[in-house]
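Before I ask anything, let me first share the structure, which is written out below as structure tokens.
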Amino acid sequence: MSTGTNHTETKSTDEFIKGLWNENPVFVQVLGMCPVLAVSNTAENALAMGLATAFVLLMSNTLVSLLRNFIPKEVRIASFILIIATFVTITDYAIQAISVDLHKSLGAFISLIVVNCLILSRAEAFASKNTLGKSMMDALGMGLGFLFALFCLGAVREILGNGTFFGLALFPDTFQEWIVMILPAGGFFTLALWLLIFNLIKQRKEATA
Amino acid sequence: MSVQTLNISTSPHLTKGLSTETIMFHVVLAMLPMVFFAIYSFGFNAALVIFTAVASCVLTEHVLCKISKKPTTIGDWSATITGILLGLTLPPIFPVWMTFLGGVIAIAMGKFLFGGLGYNAFNPALVGRAILQAAFPVAITTWYGAFQLDRFTTINSSVLAFPFTEPIVDGTTGATPLSAFKFDGITTDATELAFGVVSGSAGETSAILIILGGLYLIRRGFMNWRIPVAILVTVFVFSGLLFWIDPVKYPSPLFMLFSGGLMLGAVFMATDMVASPITSLGVVLYGVLIGALVVVIRIWGGLPEGVMYAILLGNAISPHIDRLIRYRVYGTSKVQGHE
Amino acid sequence: MSKEAVKPTSNSFIMLRAMVGIGILCGFLIVVAYEGTLPRVQRLKAEALEAAIFKVIPGITQTKTFMWDGESFVPAKEGDDPRVYAGFDDSGELIGVAIEASGQGYADIIRILYGYDPQKQQIIGFYVLESKETPGLGDKIEKDESFLDNFIAMDVSLTDAGAIANPIVPVKSGAKQNDWEVDGITGATISSRAIGNILAESTALWMPRIFNHTSAFNVEM
Amino acid sequence: MSVIIAILVLGGLTLLLAVMLVIANKKLYVYEDPRIDVVEGMLPHANCGACGYPGCRPFAEALVGGKILPGKCTVSSSEGVESIAEYLGVALGAEEKQVARLACAGGTNVARNKAKYKGMETCQAASLVSGGGKGCFWGCLGFGDCEAVCDFDAIHMDEHGLPVVDEDKCTACGDCVEVCPKDLFSIQPINNRLWVACKNLEAGDEILEDCQVACTACGRCAMDAPGNLITMENNLPVIHYGVDELTRDPIQRCPTGAIVWLDQKLGAIKGRESKPVIRKSEREIGFS
Amino acid sequence: MNQESLGQIFINACLVNNFVLAYFLGICPFLGVSGKLGTATKMGGAVMFVMLISSMCAYGIHALLVAVDAEFLQLISYIVVIASTVQLVEMFIKKMSPTLFKALGIFLPLITTNCAILGLALFQTNKGYDFIQSIVYALGAGAGFTLALVLIAGFREQLEYAEVPKVIRGTILTLVIAGILSLTFMGFSGLGTQ
Amino acid sequence: MRSGSKEERNSTDAVLTLHRHTFKHGVHPPENKDDTNGLPIRRFPFSPLIILPVVQHLGAPSKLLVKEGQEVTRGQLLAEADGYMSVPLHAPVTGKIRKIANVPTISGKMVPGIYLEASPSSTQELVEGDGIDPDTATPEEILAGVQNAGIVGLGGAAFPTHAKLKIPEGKRCDDLIINGIECEPYLTTDHRVMLEQSDDIYMGIRYLLKSTGAKRAIIGIEANKQDAADFLSARLPDDLPVSIEVVPVKYPQGAEKMLITALLGKEVPSGGLPIDVHAVVVNVATTAEIGRLLPHGRGIQERVITITGPGVNKKGNYLIPIGTPLRYVLDQVDINGRISEVYMGGPMMGVAVSNLDISIVKGTSGIVVFTDQEVSRPDRIYPCIKCGACVDACPLSLNPSKLGILAKFEAFDEMAKAYHLMDCFECGSCAYVCPSHIPLVQYFRLSKSMVRKRKAS
């Protein structure tokens, strides 16, 4: 597996890949669950939320990595939170400037990116210890991994729950929507389903390995 | 004396001779009159719904056992019970494909995930119904009148809706007594309710047969009588109190007792021993809680009926009841309630 | 394995400096973003509101915001409350007034905007600004044609005493007989009732005010 | 204007927070040796307890505290142990590898059951029901509790229902010793290859009825063994490892094959004298 | 100003719009700390406590920001103030009562980065609650969080001893139970309207 | 209820009436006593070989006094008590010690023992020691007499009776309870003893009252043995403060804790002994044995055993010498068909026999034999469906359902800490009623042994 072991110097691309798959923040680490569940009722929302999160993650990882030698250990958490909150605020305004409707449907969850455990944990566990380049790759990987997961959920929930994909009707008019998928319960169930799929894949891999 | 092999095993060497399978089978027997009455009053539609529910539950159970490489457990009748109860809680013109899905959900999510027979945290049939209700709220609140003349000649197009398509009901739909009360303030006569000449879920319409089935199981010792009694008494007393305060605003306690899914729920669903508390006192508390929730949801909530939600909440509380309410162990001074 | 040595307890000053420095930097970044996006955000919001007003008062070309100062309507400035939006046609003639109202729905607060025609004493348009009702069920209040038809010409005429003659009442689907009744939606009874109740409450407050002060809206554009 | 407000507000807030943290930092700092984390990271995290500590972290604490040497960890590979020793600058402290040994050879082909046990299929449970029904009270019941308990996959039941220890995988954690209700396992240095594979305390040939490879306490092995290598105690031979050099000779004296030589490759070797038991099938249960 | 009665606010925040089961807030601790009932109750207590504090803080900060016309700093100020207050409280408890700290303290840092806390602050501002309403809102939300946590923990403790298929054990099972509970809580809908 | 004074007895000459109190929960297994409860006690022939484990009691092993080859006479001391928790062993027959070697026991363990060959020609006359007079002896003398007679509890536990009778410092005994319940299905030993050895029982009570200092004795009898109760009350000597109480038929009424609750309305504290509620419980057969042996200074060498079950043709209540091999016993009573299970004790608590070479010991109260046809063990075990039947059966109000699930997942510590595992006395009521056929008692026995093991290590 590609997580850098032994003597080979880890490559930045490894950092990228690991976030996408091996250490996927949602399916493997189970982090940042609130937005994953709340804003994945349509593929579009999921995508937007994923992008917003990835952006904040990238920016904050970058800044944290840049400032890592200036921040004493004792105040690091507080400093990270400050930095993250800043980028979240910026993102919030940016989305408002793009589309009021989008902002309405993402709701309070843009603000809640601040407390997304994923971002703080990457800042703390990775960016504060690694060089700028690696930290950015890590952020990109994790961000895209997060986006990917969100999208997986959003797609399933929208297709079953609404009969559409990115707002486009997929089925004839007579399609019966499964409204439960759009409800909170559907979020829990869909995440459980994806986790199950991931676990099964993992299990199979281990069995063959 | 010819001895070859002695068998050895632990005491006790006697058993009462009752088995889980027997209990479950008798529950099925006790429900049969209801099933027949449902078919009698709602015709082929109900027959198809109930049959589909049972078939899908049993099939799901069998397939899951195969997948997990365990011997099949369909012989213990518990999947059949789940299927019958699921079928009985659905509207008689519920589409077959949705019913089938409900059966799969009930067994897979309500039972198998938790470890199968004996471990289900919630009542599997109600898990199936709850998810169906959330997924297809319109279809599951589309009621059909009982004793339609053509009930043994035609099958409603809604029942045969093509999988994944919206059902289209032909004929007029009827409001259930509860929603008639909630939204239009009309109450229905309690005797009509008791004998089941109203519209509603397939199995909830005849209180008398439900009670008879329950009495049979109680007599055979297969059912804990405290649960239905606690629920029904609580509903009666609570709603009676409200009725006494303001008979215009609140429905009569008899109406509360005999309408909706209360009877079926109290007698056959809240009594599922797996998801209910184990001690007598705990069971009474559980019943009182369910009864109170039913009244609260029906009277103050946004939904006309709350039996399903009340029972599921009761299931959620029952591990805590079991933790807090235990028998006082012989020779100890205090009731065990702590960790 | 990171080989980094554990830092000894840092100098307090370094900590203060780092935190305050970051704080100021952050403040600065936020202000820049805020100031940078503000005009566009405001414009988008105004446009969205305007679009909604145009929808609920058909046939207007311009709008103007008014505030109720307790006695009459005066042109509103930024941030004034409570307010209504008057809609005019090309000729500057008052066509109707749009009013915002809100109340508890099935899931959460529903915010609506409705248009009132003081001439005909009718509600002439209806739009949901914000709702979290169940998609597929409760959100029929935004989309269901027959439900929206309720609000094309809904009677809110006043009695001589200045109260609503026939308060708005929600009724069960298909039971509508009078212009002041809101015909419910099957499967979304709660949400549709909520709309009826919100309207009933809001109209009782605003109709007399607007009807009796129509002239206050006729100001120079 | 808003720039100034923002800077004032945030500057003020962060100042407040920073001051607080500074105070906290001054008052509540607890020192923990960072090497503990590092060493713990190098350990295998099996938490097996073979080192004598309740888990890997306490062992790491003890290592850093100099209370014990890294070689006590029986699970780590030798490189792993070396790297810890190197990191801490201490000696390896490695010991002779130890493994679990089974003192019973009574598989179903040679030992018979007197009664048929019905109930929970574990040795622990069966042993509580009239001893489990095996003819030889001391013998292995064969339900494989030891196989199940071994976290290292070092025990497998053979075709005759007798556990076989994989010497490479065994870490001497002692779980099997603890779980066996008949106390058949013990932890032994790997080079103790002369082995008494019987625990029955009866003397005489009657026991052969129940198990064909039982020790009948005939004492020949002890008589002919060099020096004091073997003595008879409680009707069983006891091998005094380390007293004299181990030889394979005693196995040649044993008429039943209860005393064996555990060859690294070939497994247990019985003496020529012992009656070969060629039966593969299970012996019938019961008696007349 | 919001007109909801205090009882309505409480029921809405606790049951109808339960933070965990309907709003998806605080899912991480919900998944992480719901394995044992003892821990779950303590966590619930700690969250309720922190919610109270942050609700009050948010009320104060909001007033301050409105006064200096810097509402765009709302988010960052909330989070900074909440984080610091929680830390202050943590230190205070540690000093005053080591036993309470043992019961509560270890959860406090966890809670700082919990959506439910910040969500509460933001929602209460959005809804325009006054001081008393805010406090009741915080109490309701905290009670709802605790309720959800305790109900799940009851199941998880019980299901530790169940033949749950191996792939499903842990998070997946918790999510399924949470989903069913979330459906169950839908039964309360409409309760807060009267 | 009947008490000792003459006037009262005359006034209530009717049958004894049912005692109202009983304990909570319990079960009603079919009694199956009718085959043997009408059969008088009969003497069993001597087996040519007697096999005597030296330890037949709970406690320290006794010390052997004889050598291989030695001739012994019936009643002679073979082993003496080694310490306070030990009792002597007497020769049940006149004969010759063939071998001193390990002997098999019912637990499967091999323990030191004696193989004694009976001499067919000898008279089998008893050796007697010094008798003890109940009126003049001191409590200490009585205790010593009980110990010297080798008496252990014949109710099943085989606990040295003198140790139980010794009232610890600071405690007192108010009530002496004579346990004539015999709640185990099939067994009729105590029933016959009450009908045939009433004088011995009353004599025994004299000794017991004296040694414990109790003010009164209560004989507890289950309602299905009304004839025994009536018979005993008719034979009650005037001067004895004894009352006879008939209690409802319910298993396990005979467990001492349950009996105390039924008769005295008190509960023995968890982890405590009857003496903590000022009571001592002794089985009727034990009492009769004391009354029979002490006046003559004899040692116990035989006991009454019910041999019954569908596999036995000559069912009955037999007086059998201790040490008689099981194989010999079964040969004598004519076993029909193929034996498949043999229990020592009743079917609820008795122990299954794995080896017919074991012998009758002092604690054996019954032998129940089943053949292939009768034994139909449920082959399918279902998971616990939480029906609560076990919870409502457990006389100690434990939660066997929860305990069973925890045991299945090996959570032994939690069982002991939170669910009172160690209180369970393995009565089997729970497993008897369980519709899922969960081997609850086996779980608990195993769990208890694991807990003890962990505690020890």
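As written, the chains take the letters A, B, C, D, E and F, and residue 1 is the first residue of each chain.
Here, a residue touches a chain if its C-beta (ideal position, glycine included) is under 8 Å from a C-beta of that chain, and two chains touch if they have at least 3 such contacts.
The structure presented is a predicted model; accordingly, all values stated were derived computationally and were not measured.
Asks: Based on the averaged CA atom positions, which chain is farthest from subunit D?
Replies: Measuring from the centre of subunit D, the most distant chain centre belongs to C.
Asks: Based on mean C-alpha positions, I'd like to know which chain lies farthest from subunit A.
Replies: Relative to subunit A, the chain whose C-alpha centre sits farthest away is F.
Asks: Report which of A-B and A-C is connected by more C-beta pairs in contact.
Replies: A-C
Asks: Approximately how many whole Å separate the CA-defined centres of subunit B and subunit F?
Replies: 49
Asks: Quick one: report the Å distance separating subunit C from subunit D, using the average Cα coordinate of each chain.
Replies: Chain centres of subunit C and subunit D, defined by C-alpha means, are spaced 75 Å apart.
Asks: Would you kindly tell me how far, in whole Å, the mean C-alpha position of subunit E lies from that of subunit B?
Replies: The separation of the two C-alpha centroids amounts to 34 Å.
Asks: Between subunit C and subunit E, what is the gap in Å from one C-alpha centre to the other?
Replies: The separation of the two C-alpha centroids amounts to 30 Å.
Asks: Note the residues in subunit F that touch 2 or more other chains, in rising order.
Replies: 351-356, 377, 383, 439, 442, 445 - these are the residues of subunit F that touch more than one other chain.
Asks: Residues of subunit C that touch two or more other chains: which are they?
Replies: 9, 15, 18-19, 22-23, 26-27, 30-31, 34, 106, 134, 136-137, 190
Asks: Find every residue in subunit B that makes contact with two or more other chains and list them.
Replies: If we look for residues of subunit B contacting two or more partner chains, we find 2-10, 109, 115-116, 119, 131, 134, 137, 302, 339.
Asks: Using the touch rule from the top of the page, what pairs of chains touch, sorted by label?
Replies: Per the contact definition above, the touching pairs are A-B, A-C, A-D, A-E, B-C, B-D, B-E, B-F, C-D, C-E, D-E, D-F, E-F.
Asks: Note which residues of subunit F are touching subunit E in the complex, please.
Replies: 383, 405-406, 408-409, 411
Asks: Would you tell me which residues of subunit D are touching subunit A in their complex?
Replies: 14, 17-18, 21-22, 25
Asks: Tell me, which parts of subunit B touch subunit C in their complex?
Replies: Spelled out, the residues of subunit B in touch with subunit C are 137-138, 141, 183-184, 302.
Asks: Quick one: which bits of subunit F touch subunit B in the complex? Just the residue numbers, please.
Replies: My answer: residues 23-24, 27, 29-30, 185, 257, 261, 267-272, 330-331, 335, 338-343, 345, 347-356, 368, 370, 375, 377-378, 380, 382-388, 391-392, 395-399, 401-402, 418, 420, 423, 426, 428-429, 431-437, 439, 441-442, 445.
Asks: So in the complex, which bits of subunit B are touching subunit D?
Replies: It is residues 2-10 of subunit B that touch subunit D.
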